[in-house]
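Which chain is which? They are A, B, C and D, in the order written, and residues in each are numbered from 1.
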Amino acid sequence: MARSSTHKRSWIGWVFFTDLWGGLRLTLRYMFSKTITHHYPDFEKWVPYPRHRGHHFIKTNDEGDVNCVACELCSKICPCDCITVIPFEDAKGNRRPEVFDIDLARCLYCGLCEDACPADAIKLGQEYEVSSTRSENLVVHLEDLIAAPRKSDNGGQVMAAKLVKDEAPKSVTTGTSDGFDWWERISRKE
Amino acid sequence: MEREFFLLFSTVATGSGFLVVLAKNPIHSALALVTCFVQIAALFILLGSPFLAVIQIFVYVGAIMVLFLFVIMMLDVRKEARSRFLTKGAPLGFLVILVLAAEMFFLLTRNAVFSTNIVDGVPTTPSIKELGLTLFSEYLLPFEVASVILLVALIGAVVLAKTEEDDTATKDELAGGVVK
Amino acid sequence: MIPVSWYLILAAILFVTGAAGVLLRRNVLIVLMSLELMLNSVNINLLAFGHHFQDLRGQIIAIFVIAITAAEVAVALGILVALLRNKHSLEVEDLAILKG
Amino acid sequence: MGMSYGMENFIAILPLLVKMAVVVFVLLLLPLPLTWIERKIAAHIQQRPGPMRVGWHGLLQPLADAIKLLTKEDHIPTDADRLLFRMAPVVALVPPFVVFVAIPFGEPVRLFGVDITLSMSNMNVGLLFILAVSGIGVFGVILAGWASNSKYAVLGSLRSIAQMISYEIPMGFSVIGVVMLANSMNLSDIVAAQSGVWNIVYQPIGFFVFFVAGLAEAQRIPFDLPEAEGDLGAGYHTEYSGIRFSLFALSEYLVVVILAILNVLLFFGGWQHSPFFLTPSLWFLLKIGFFIWVFMWFRFTFPRYRYDQLMTIGWKVLLPLSLLNILVSGIFMF
């Protein structure tokens, strides 16, 4: 960013503050240029990269059952002890979770549960708008986890969006356009 | 109207004057002195000399008292506030004060000349122009002497506040000491 | 109109207050401040007489008083700071080293 | 200075009371739009939109901030000097208000058959009065720093005092050239003396010194050493919160406004030479607005000076320059 200019200035430039004027000219140009920030949450939303670790989700297999075998390894490895799993045996004789709760208020999104899972069930997805005014709402259950958004396939882009105001306000992407790469906005043409 | 203003200003001035002497903490007494000076500046306006009033605020309040507060804040006065209040020679001092007060009281009450206002008509306020002309013609020599004294005081204060080794504190003291 | 004696009485009260501070208090800073108070009471007198007798000289001498006070304070505070560097005390009685 | 001479009847002082009420009302509300403007300028210089969510383009944001500040906890540190701690914001606020007594806003106008001067007191020592009273402003800072009983606050206010005392002198000297040109310290006379050419033409050095010293007096960037957040927390108002903090913010904004007004009055012709579509007073206010914008532009452009650089600029650059300015103007006038 900072171009270090070490060339020596003459005393005339020093007397008439050429460098100060240069700074003022730069900020004046910025003052009347377009803004480059995201207009989140009203008009734009950032879709995170697939590597992003957000709200958890649980994968299901082709028959509609969850992959999870309720081995409780995720619960054991969790450093902040935020996962509660209670197993049961379903009609087909498979071991499945009866209760699978994650307390998002305690979770630090480290992704260890994802690593520990032997059944490719629990993953960390793209959702990052999980705020709430009540801490009870932050305990998510099995059905929430199944319904939660998967990893993004169009990550690293800014999409058109609008704010949906209900109990838990969220910015929802709209339109079908692909969005654009934000870094284009700040690339300098020199 | 004028009378009420005089009473207001003089009451506050007297009260804060007492506070200057009575306050334990030097900061408090400096602030009381500031109040007193502002009241006196207001009295100067009543006395028809707005220029002196502004100079009073400029020099006394804006420079001298700020300098005082600067020095007080540089020194540690928290322990001073706990030290003994009066000097050893306090009884003798009280006596002198009493004599002085009695003498002034006597002179002011017994002298009939000043108890009435002998100027007839409203006194005119001398303009700043007149003041300046008199200052620079009739009183030119005292004026120059005063400016030389100020210069000497400036140099003296810098020399006094300067330490042998160039430590960083010198700059602050210099900044404080050079003014006026 | 305010009789000039009122100003004189006010000045006298302030002067005596200042004198009490100079004579009775132990703290050098407060002694200096009381001195300022005395000088100011004198200024009130000068201006009151100048106003009373319609004479400019009252104001002019008051200007000189203010100028000289400024010089005095600068030197006094300079001395104070220098003294405190050598003797860590603000009390009048501790500073009487010339008395032997 | 007819402060108390012959004001027996109420009708005579009615215009004065109205003027006082208007000025106080306007000054108390002025920081609201100013904070919005400052935040918007800051945002756009950094290429972001700034406050957008409360009202149209965040116009009601200052109101929301004011409500927040008013309802916040008012905290006083344990070992603070409680009386002085409470007094300090008020003491800081008084001088900026008092300064407006002497500031004229235009030629006298005729309203309801009465001639009304657009100033509260047309005093003949107006300029000196303004400089003197704005010099008192430092007391609020001193009290705040001392009473908080906090190291950051004391250091901040010590810096403040040294800075204000140092820059008051070049500031006072720089206006002497203007006073010499107008032959008066009355601000209306000074403006009237610029009916031909603005003073900036005759006094470029004086303007430069006044402008820079003014920035330092108002403690604006690049001279905001007393509240340098990098090394001092928030300087003298580190320990303040809620309403008392907002009083300090108010007085800082008023000082900026006063500086802009003084720059326009002394060097940019006040209300003289208004273009045909503007009344003189509006033209005057427009120029004041321009200067306020310039101060904000500076704030988000320049980095802060170091403390020794600050003192060097004050004593070794501005003071000799202002003395030189007096000398040169004296020679030309002679």
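Here, contacts are C-beta pairs under 8 Å (C-beta built on N, C-alpha and C of every residue); 3 or more make two chains touch, one makes a residue touch a chain.
Computed from a prediction, not measured in an experiment: that's the story for all the values here.
Note on connectivity: the fewest chain-to-chain touch steps from subunit A to subunit C number 3.
Among all pairs of chains, B-C has the largest number of C-beta pairs in contact.
When each chain is reduced to the average of its Cα atoms, C sits farthest from subunit A. One finds 6 Å separating the Cα centroids of subunit B and subunit C.
Centre-to-centre separation between subunit B and subunit D, using Cα means, comes to 27 Å. Between subunit C and subunit D, the centres computed from C-alpha atoms are 33 Å apart. Distance between chain centres (mean CA atoms), subunit A to subunit D: 46 Å. Contacts with at least two other chains are made by residues 2, 46, 48, 51, 55, 63, 67, 74, 122, 176, 179 of subunit B. Contacting chain pairs in the structure are A-D, B-C, B-D.
Residue ranges on subunit C touching subunit B, taken from their complex, read 1-10, 12-21, 23-27, 29-30, 32-34, 36-37, 40, 43-44, 47-48, 50-54, 56-57, 59-60, 62-64, 66-75, 77-82, 84-85, 90-93.
Across the complex, subunit C is touched by residues 2-3, 6, 10, 13-14, 17-18, 20-21, 23, 26, 29-30, 33, 36-37, 40, 43-44, 46-49, 51-52, 55-56, 59-60, 63-64, 67-68, 71-72, 74-75, 77, 80, 83-90, 93-94, 96-97, 100-101, 104-105, 108, 114-119, 122-124, 126, 130-131, 134-135, 139, 142-143, 146-147, 149-150, 152-154, 156-161, 163, 173, 176-177, 179-180 of subunit B. For subunit A in complex with subunit D, the touching residues are 20, 23-24, 26-28, 30-37, 39, 42. Subunit B meets subunit D in the complex at residues 1-2, 5, 27-28, 31, 34, 45-46, 48, 50-51, 54-55, 57-58, 61-63, 66-67, 69-70, 73-74, 122, 125, 127-128, 171-172, 175-176, 178-179. Those residues of subunit D lying in contact with subunit A across their complex are 41, 43-49, 52, 297-298, 300-302.
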